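Here chain A shows up in two complexes: once beside chain B, once beside chain C.
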Partner chain A sequence: MKSYRMAWRNLWRNRRRTLITVASVFFAVLFALLMRSLQLGSYDHMFRNVIESYTGYIQVQNQDFWDDKIIDNVFDFTPELGNLIMEDPNANEIVPRLESFALASSGQVTKGVMVLGIDPEKEAFLSDVRSKLVRYRITEENVNGIKNSDIPDKIKKSLDIFIGNSYTSKTGLILDLGINKDDTATVLPIVEKFTRFANGFISKGIPEALIGNKLSIYLKAAIGDTLVLIGQGYHGTTAAGKYRISGIVKLPTPDIDNKVVYLPVDICQELYNAEGMLTSLAISIKDNHDKEIDRMISSLGLKIVPPMRVIGWREMNKLMINQMDADNKSGIVMIAILYMVIAFGIFGTVLMMTAERRREFGVLVAIGMQKTKLASVVVLEMIYVGMIGIAAGIAVSLPAIMYGFYHPIRLSRELAKMYEDYGLEPIMTFMPPDTYFFWQVVVISAIVIIAVIYPVRKIFKTETVISLKA
Partner chain B sequence: MNRFVSLISTAALIFFKVIDLQAQSLTAAEVVKKADEKFNGEKSSLMEMSMTIVRPTWQRSVEFRNWSLGKEYALTLVTAPARDNGQAFLKRNTEMWNWNPTINRLIKLPPSMMSQGWMGSDYTNDDILKESSVVKDYTHEFAGEEMVDRRICYVIKMIAREDASVVWGSQVRWIDKMDFLVLRAELYDEDGSLVRTETGSDIKTMDGRIIQTKIELVPADEPGNKTILVIKDVKFNIPIQESFFSQQNMKSLR
Partner chain C sequence: MIWKIAWKNIWRNPVRSFVVIGSVTVGVFAGVFAIAFMNGMISQRVESAIDEEISHIQVTGKGFNLNNDPQITIPDISHTLSILDTVKGIRGYVERTIISGMASTASKSAGVQIVGINPAEDQKIFSLNKTIIEGTGGYFTKESKFNLALIGQDLAKELNIIRFLIDSAALSELVKEGVPDRILNKVSRFSGERFKNEKNFDKRMNDILLKEEISEYGQKIKRAAWSFREGSKLTLTFLDKDNNQVGAVFRLTGIYDTRNSIFEMSTIFVKNSDLKRLTGMNEKSFHQVILRLTDVDQTEAVTSELMDILPGLDVSNWKELQPDLAMMTDYVHEIYAFFMAIILAALAFGIVNTMLMVVLERTRELGMLAAIGMNRKKVFSMIMLESVFLSLIGGVTGMALGWIIVHLTARNGINFAQYAEGMEAFGYSAHVYPEIGADFFIMIAVMIILTGILSSVYPALKALKLNPIEAIRTE
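Here is the complex of A and B:
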């Protein structure tokens, strides 16, 4: 009989033993994949949040601005500069920004804020501010309104928990309140009716501002209120201005949400006495592959001369990259520990199997089976076990990961608060299958192969007579 | 003829002797006080000034008007450039306010902001509002005589009193013996390192007094930076009431 058939049959002679070994491999693969996917997914999500929603992949700045973010480090934005950038085949749109600090007050409260002068239309290519406008807000009054209408008690309860929360879309509202599919049709319109938040936008030439949701709560400012900004302008002038708050935005990063003020870029230039000047020009690109971005950075770098310079996303997000690197290392250590546990589990079952089958091995050798053949059968058995375990692990984790990728886990209540306190968006995303899948498979296979060394050695050392007596 | 010459020379001798005597009898503190009062007015003053801020890559000018009454009250109104026109700074005793007409806000300046630059210049808020007194807040002593711009000057070392709330640790002033003009001043921090140097020049007669009308301020640790203050017009001891220095008035001044 061929060894592979023999090995296959051997597997099912003792089903329980085989299943235990398969299970240990299966769980190893499953946990390792889920953990890795979640970790990599979260990094990816964070990157996207910051890069695609704020810095962009490439910017043009005054050469001193990055190290010293003061309003004096600006540059003159000329049409020639715009044309120069747009000549690049990968350039999609240029997004002008003027960024500085100021003290903001509305009524009695004052807070230091980040003032961002943006082109309201062009900004849609990067940080789509319009999509971040608050659309629903749960306040004490509207909770009372909803409670008087006919909705399930469970939702009434969650309404109390989420008083003060704002939402930019229906999805968040549905998730937080735990409105299930059946209720959506009846409950959602009622909730929407009461929590709807009327919001405006900003446009060039009109002295109006958008402010962060958390900032609006801190300043106790509502739409239509006057926001007063005072700070230092270009070349030490006084920057002071009054703006009507036309909208409230909720940004995914709480750290920015509590201090951001958006002004139309021309109004912002007027405020800081920096007519025609920008602190940065973010470039929206067509192809965001690393290679293409690097090419663009170096090609623009040659064309753009001091006092401007080109800056890439890696340099702009150095801190975050370092943090993630450190976090990634700790993740790798966790996975290494997981592998150790798994390796000993697999080794344990192999050890048990070898001991159980000592007599069997002895008999086989005694009736004339060659030790090499016997060893190859045992190795094949282990490879089967490994393959079944890995296949099962992937089969189960793949749908889970894909589901998690399309439906990120949204943390709620205390856990969400904890995440927000750390300045993170309370969301857990999975990373779709990538090279990390392959590596998990390689590592688990290696563990199985190492584990199989023991029975093989045992077989070659078999003293037939002693084994038969076992 | 001989008699005439000797008479003249005797008169000259007496005259210089008198000046010398007068100088001899002055203490260092009195010299500083005299110079301070000469420049700022014994009771009150109104100055029309322009300030040019010079930086390595740019420069900018601000014009303003400053009323003061004693050491206790001061009001500064910015008149140019147009975007800053109407901004006012008021000092009453130890409290200070800033009025900004563009935002209709009156802002109280905390004492912690006293050492910060005024309108982006090298002048501090303290310099403009003259919170501290060069006479009362320092101890003074002579440290010799030197020539500055072909004028003989007293060199006076001033050390801040321990209980005084001043920005500087010590100062050295070169004060002209004839006209009591501060021609040069070096300002040091508490550690004794030079923070900035001020020089007075363009000596002119204004409102009947000989004063320095151009003051150049050079910070020690920022090469290429300086602030030039030019006095365009000045009136000493104008009739002005304490009630002039009010929050209402600072809002309506034009």
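Here is the complex of A and C:
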């Protein structure tokens, strides 16, 4: 008989033990996969929030700007520089920015803010600011309006909870209020009618500003109000200006939402007395694979000369990468503990199996079975156990992960508040299958291989006569 | 009797028992240590939040916390304070002035909260004076005719107030630290050079030192080279009581390090008297009264009492001001229990398998015992006790080991310096002192016993199902 068939049949000679061992592997794999998926998914989501919708993968900056973010560290944006960047086959569009700090006041309230001069149209290639305009806002007045209309009580209740919240799309509104599919047609138009938020955008040449949702609440500022900015301009000049607030945006990162003011880039240059200057050029790219980005960084690095330099996403997001790394390591430690415990369980099983079958091994060797073949049967048995456990773990976790990937968990109340306090978007996303699946297989295989060393050694040491008597 | 039999049974196959005991030991030890680590991290965070940042309870004018409107002060402060004097459980209080503004040096500026304090009184409530970095001055200790400001380490870095310099003093300090000559030679190559910020310094170190050398001596070199401009100046810009913009030059009295980047970046302390003079505010008007309680468990009781007797003011406690910390301290036991439950569940598989083996191996013996009149209840409890003994021996060893290691590591703490930047951005120190309470061990012990009982149910039921006559006949 072939070894693999023999091993398979041996497994089911003690069905209960096999199943329990398989179950332990299954449990560890299931837990590890779900946890990893959730962890990696959140990192991925954070990356998308920050990199794909803000810093971009590659920027050109004044060489001192990153370490010293002051308005004096700017560079002249010439058409030649633009052409040089666009020559790269991977460059899609260049997004000019002038970034600085100012004191903003509206009415009586003042706050230090981050002023971002952007090209309203080109910015759509990276941080699509237009899509972040607040479209719906639940306020006390409009809640009273909705309550007088004919809508389910459940939704009236959730309206009270979400007073003060703003939404950039219908989806968020539907999810928070818990409007189900059947009600959408009847309820949604009523809710939309009352909560709709009239919002405008900015365009070049017009002295208008967009401000973050949280900042607008802090400043008690509404559309049409005047925003006064005071700060330090280029080469020590005074920067001061008055702008009409034309729109309110809600950004996914609360920390930025609380301090961002967008101006059209030319208006911003005027404010800081920096005609034609920029602090950074973010580059929108076509292919975002690591290799291609690294190639582009080094190729542009050769062409771009001081006072400018090329800076990549890793350097721009060091802090975030550091945090993710720390969190990632702690997750790995947790899973390592779990696997260590499972490894003991597997070793225990192997030990019992070996003790129980000493006589059988002796007989098989006595009637002429080669020790190598016998050993390979035992090894195969344990590999089967590991593989069935992994397969079962994947089979159960995969649907859950895929569901979670398409339907991210939105946190609510205290937990959401906690996330926001840490500057994170209160959302939990899963990571679709990736190399982390592969690692579970590697770890379980390694455990199995280490565990079978014991019986294999026993087999090779088998002294037929002695073990027959066992 | 049953107890004795169960105990002796365990040692009939010591190797097998040791595998189970070993797995429980390792699992429980790892769990205890991981939890002590988390616990240490969280309680350090809570401690520093209360001791250095927010204290237990804050009383402010109505609506002040919304956007720190400087016009909202506490009306009739002396009346409020006299009321506070009558409340039990308050260890002390201080008044503070809070103004939003901008801090700038010649090269940089940042938005900050300027907190006016009375240093002598404030140190009775907060232990910020203990976090002053050595060599940067003191906690308003020196009298000065200038305006004085105390700022955080991260803000000092941001504003380029801290710089790095390899001079003879730094080199001799490195010699004292036992840094080998070959490193000293390399480092002394850039002696006399000044680095405006940490990043430039790091860059230069990367150029001249090898990776392994940096990971071994980098922190020491940085500490030695770290220097701070004595009497550095910074300009604070803010609005006065009539909403006119004023700017004033402040000299640094010292730099504090609370290991919380957000707090360090955003909070500057100045003397109340200086702030009052510059804003033109009344001597007797304050934005905030901060209370310290004798017992943290009294927080909720005192908060609601204050809400009743101070109707015109906002009263908020640390749990409301830092909901993330409140949530963590409230749910911390559930989180630990969940963590432990996962590990114990994984362990249970191994125990079930072993106990099943025990039952099958002793079919004949169990049959015999039943035949000579041992009742089913006793058989059941014998198996269950064996399982509980196995898990408890492992559990107690694991807990003891965990306790010892926790105490050994707590002496000097565990420092994850490479993650300091990321963790401090969330307010957590990367230098963790693991810590664990006795109540936690009781919880674990109960959970372990439960695991032992639960994982013996299936094998014990198997034993009960045996037919004594058939069982005796099996070989």
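We adopt the following convention: the second predicted complex is superposed on the first by the 378 of 470 C-alpha atoms of A that agree within 3 Å, B and C clash if a C-alpha of one lies under 4 Å from a C-alpha of the other, contacts with A are read in each partner's own complex, and residues count from 1 in each chain.
Note that in this section a contact is a pair of C-beta atoms (placed from the backbone, for glycine too) under 8 Å apart; a residue touches a chain by one contact, two chains touch by 3 or more.
Just so it is clear, the structure is predicted and the values come from calculations on it, not from any experiment.
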item: Which superposed partner A:Gly241 touches (first chain B, second chain C, both, neither); value: first
item: Partner chain in contact with A:Asn180 - chain B first, chain C second, else both or neither; value: neither
item: Which superposed partner A:Asp325 touches (first chain B, second chain C, both, neither); value: second
item: Which of chain B and chain C A:Asn273 touches, first, second, both or neither; value: first
item: Per-residue touch tally on chain A - higher for chain B or for chain C; value: C
item: Touched partner set for A:Ala23, first chain B, second chain C, both or neither; value: second
item: Partner chain in contact with A:Val113 - chain B first, chain C second, else both or neither; value: second
item: Touched partner set for A:Gln232, first chain B, second chain C, both or neither; value: both
item: Which superposed partner A:Phe347 touches (first chain B, second chain C, both, neither); value: second
item: Shared chain A contacts, counted only where both chain B and chain C touch the same residue; value: 105, 230, 232
item: Footprint of chain B on chain A - complex, ascending; value: 105, 228-230, 232, 235-238, 240-242, 273
item: Touch list for chain A against partner chain C, complex; value: 16-17, 20-21, 23-24, 27-28, 31, 67-70, 72, 101, 103, 105, 108-113, 218-220, 230-232, 259, 318-320, 322-326, 329, 333-334, 337-338, 340-342, 344-345, 347-349, 351-352, 355-356, 414-415, 417-418, 421-422
item: Residue numbers on chain B that touch chain A, as the complex places them; value: 53, 55, 58, 60, 81, 83-84, 87, 100, 102-105, 107, 117, 119-121
item: Footprint of chain A on chain C - complex, ascending; value: 13, 15-16, 19-20, 22-23, 26-27, 30-31, 34, 66-67, 69, 71, 100-102, 104, 107-112, 160, 196-197, 199-200, 237, 239, 243, 245, 322-324, 327, 339, 342-343, 345-347, 349-350, 352-354, 356-357, 361, 416, 418-419, 421-423, 425-426
